[in-house]
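Read through the structures below before going on.
Next, two complexes with chain A in common: one pairs it with chain B, the other with chain C.
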Partner chain A sequence: MRYAIAIGLLAALLAPLIAHSDSVLAIAIYAFMAASLAVSFNLIFGFTGQLSMFHAASFGVSAYIVTILVTTFGWNFWLAIAPALAVVLILSLIVGTICFRFKLKEFYFAVVTMAFSEVLRLIILNWNGMTNGSLGITVVDRPSLWTPIGNVAISGGVAWYYLTLALLVVVYVVCHGVLSSWIGRCLAAIRLNDQLGETLGIDVFKYKLLSFAIGSVLAGLVGAFYGFYSGFVEPHYLSIPLGLDIIAMVLLGGVGSLIGPVIGAFVLTALPHVIELSAELRIALYGSILVFVILVMPKGIVGLIGSKRNAA
Partner chain B sequence: MLLDIRNLTKRFGGLTAVSNVSFGIERGEIIGIFGPNGSGKTTTLSLIAGILVPTDGSIVWKGKDISAVPPFEVAQHGLVKTFQNPQLFPELTVAQHMRIACHLHIKRALGFGRVWSLFGGMPAELNGTLTRKIDQMLELCRLADKRNEEAGALSYGGEKMLGVAMGMVCEPELLLLDEPASGLGHDEIMNLDAVLRDLRTHGVTLCIIDHKVGFLGRLADRSIALHHGAVIATGKTADVLANEAVIEAYLGKKHA
Partner chain C sequence: MLDVTDLNVSYGKQKVLRGISFELRQGEVVTLIGPNAAGKSTTLRTLAGLKRSDSGKIAFDGGDMASISTAERVKCGLVLVPEGRQIFPRMSVHENLLMGAYHRSDRDHVEDDIERIFSMFPRLRERSTQRAGSMSGGEQQMLAIGRGLMSRPKLMLLDEPTLGLAPIIIEELGRIIRNLAKEGLAILLAEQNAVMALGCADRAYVLQSGDIVTSGDAKRLSEAPEVKQMYLGA
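Entry: the complex of A and B
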């Protein structure tokens, strides 16, 4: 597995040398960002067992804050990321504290986080003066990177390709670090049997909150970049369908694995471009994939590869 | 006194599960709590372990009131409870169970230094200590040859022993065992008996509940008999077992 990931990363680093086409690069960029969202979501869902519907909200809130700070208040892009992540952190701590103090589990946790996420979407939708309501905000600025030869604007497919690849690597490494530490074992204990974990001295509330906060902040990090590539932010960024897309990617790729959501994100991002589909059909396809995966391959693509290897 | 329980009472709606129970536990002894089904044994243990909050009364651990402290904090204080029906982490192996149970050891050893181990990995020295400790405890609980097996594949008796082993890895001063012998065969009970005697030589205080009188009779220094949530007899195990009220509670008036 380790080698497969190393080869995949090497291939990703070299790919722009071969694939110059803007549309291929664009698919890869969106897939990297979707994969970052899916990997961070899987920390909360697949590894801690909490079905958060707040992920899209963390992503969207951060996207809005960075965009508004840069376009309305003229902040530097990189500086604007810090307050955006701080707000996401505080929001996730508030929502997490409420849910986990009341010991909301599974379906109840999903519904309550969904409600909080809708509240945030409605605030953004109706705060016309700041967010431009349902029309969203068009982003024309491009973040620039300081180099010895002066500030270079990050524009064009190749630059964004490497930037979002780096983003995915950062999210992946953070999640890997957390999961391979003692925290990862606490999260496994919570997912598999939180009552037993608690009697072994694990502060279930604290570690649930920690996982939820780390995952949400990472989603916020993705959100910070997203609007500047797509060129606009809109209330749809905080919507439930976006949250469901992330779940579909994780389920398709493999719930209990780190690399699974990356695979799932690539398949589901590339698929609509490979097969031309209308938006309605695309949602129907997502739904069918979800049903198929849950029924036939509960451990996703990664699980399928793993079981083939074990059988051989 | 290590643990001092005073006038412990627990009501569930109209039902009084534990009524005005008082007893103490001294360091190094093995205390037995027995009584027929529904006499409030498990409720008492759950109250001590913080899983339930008492309606009334107090639980004092080394001079500190812990009656409203959550279970994970009770475990940090050094009181660990095992479950009557073995609780496992599905999918994980025996060794992985033990590794999770090392949580408190890691916490005590590293403190806030744990945050650094996120970047540099766990100190090799600590890793070695944990591995040795896990091996030693699995050896003691007769699970050493099963360490890489999935815990769900263990026999019922094996699962119960794993519960004891996990509890011991938490380094408790007082281990609360909820019916460790129930559902075990004769050989497994003899094995459990030997394991618990071994534990005592390791300096652990044990509080064991069971409705199998024979098993506790051999092991416990002192016993408390419960019936309908109240203490009906307390003292040396042999005396408690010979107590008329206890025999009556178990067998009915005719046999007393």
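Entry: the complex of A and C
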């Protein structure tokens, strides 16, 4: 698996040399960002067992804060990321503390996080003066990167390709680091049997909160970049359908693995472009894929590859 | 080392423990015997901090336990091996043992401790990489005890360890408990199997509907007519 990931990364690094088409690059860029969201979501969902519906909210809130700081207040893009992530961190700590103190599990946790997420969406939708309401904000600025030859604006497909690839690598490495440390063991214990974990002396509350906060902040990191590539931020970024898309990517790719959600994100981002579909049909396709995956391959694409290899 | 005074616990309106008091000294094996629903598991769960008490004092090693979390109690050296051989069935034996040592700061010595547990339970060493769920009930119980030992406890709370085990395994379990006590570990054993419990304990408390009805030397109790009649089937 390790070699497969290394080869995949190498291929991703070299791909822009061959694929010049802007539309291919754009799909890859969106897929990298979707994959970053899916990987960070899977830390909370797949590895800690908490079905968070707050992921899109973390993503959207951060996207709004960075955009507003840059376009309205004239901040430097990179500087604006810090307060955005700080706000996401605080929000996730508040929501997490409430949910985990009251020991909300499974669907109760999902419903309560969904409610918090909706509250944030409604605030953004109605705070016209700051967020421009349902119209959203158009982003024309481009982040620039300081280099020895001066500031270079990050514009154009190839620059964004490498930037978002780097983003995915950062998210992946952070999650990998968390999961391969002792924290990962504690998260596994909580996922498998949190009462037993508590008996063994694991501070279940603390580790659930830690996982939720890390995952949410990483989603915030993706949000910080997203608006600057897509060119606008809108309340839809915080919506439940976006949260469901992330779940679909994770389920399709493989819940129990780190690389699974990356594969799932690529398939679900590229699929609608490969097969031209209207929005309604796309949702129908998502539904069908989810049903299919749950029935036929509960461990996702990664599980299918793994079992084939084990059988051979 | 453990001093419980006037402990009251209830589930909702149902009173489960009605002001029980008992004590336990270092290296001592004390058993709580009694029928189903007497409050044995509740006592252990309350001591471990998994269940809140209504009132009463739990003093352990000189400190007051009542207000601190389970995690902190484990750090103080008070660990529960829960009922029903709870292990992580999909993890390997080795990983299960690691889970017992998670909070320790001296992680360098964890492998030494695993080695020590393997020499205590040679069957676990043979199955070190095997999935824990694929082992026999007796082996799973040994693993649960071994995992409890990984936290380097001073007092181990054992909840119904003989449940559903073959007589020969139960005998072995009794020997293991005696050996652990010889090394200085205090053990509080909650058991329905009074023969086994009175056979390996120093002292015993008989619990009935949330009250301690009799207590004393385990050997003496096992000969007391009322205990004999009720729990030993004689």
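Basically, the second predicted complex is superposed on the first by the 312 of 312 C-alpha atoms of A that agree within 3 Å, B and C clash if a C-alpha of one lies under 4 Å from a C-alpha of the other, contacts with A are read in each partner's own complex, and residues count from 1 in each chain.
We take it that a residue touches a chain if its C-beta (ideal position, glycine included) is under 8 Å from a C-beta of that chain, and two chains touch if they have at least 3 such contacts.
Because the structure is a prediction, the values reported are computed rather than measured.
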item	value
First (chain B), second (chain C), both or neither touched by A:L218	neither
Which superposed partner A:V178 touches (first chain B, second chain C, both, neither)	first
First, second, both or neither for A:L200, with chain B first and chain C second	both
Chain B versus chain C as contact partner of A:L192, first or second or both or neither	both
Partner chain(s) touched by A:L25 [first = chain B, second = chain C, both, neither]	neither
Touching both chain C and chain B, counted on chain A across the two superposed complexes	182, 185-186, 188-189, 192-193, 195-203
Sites on chain C touched by chain A in the complex	48, 50, 69-71, 73-75, 79-80, 82, 86, 88, 90-91, 95, 98-100, 102-103, 107, 147, 151
Contacting residues of chain A [partner chain B, same complex]	177-178, 181-183, 185-186, 188-189, 192-193, 195-204
Of all residues in chain A, those that touch chain C in their complex	182, 185-186, 188-189, 192-193, 195-203
List of chain B residues in touch with chain A within their complex	49, 51, 70-73, 75-76, 80-81, 83, 87-92, 99-101, 103-104, 106-107, 114, 117-119, 122, 166-167, 170
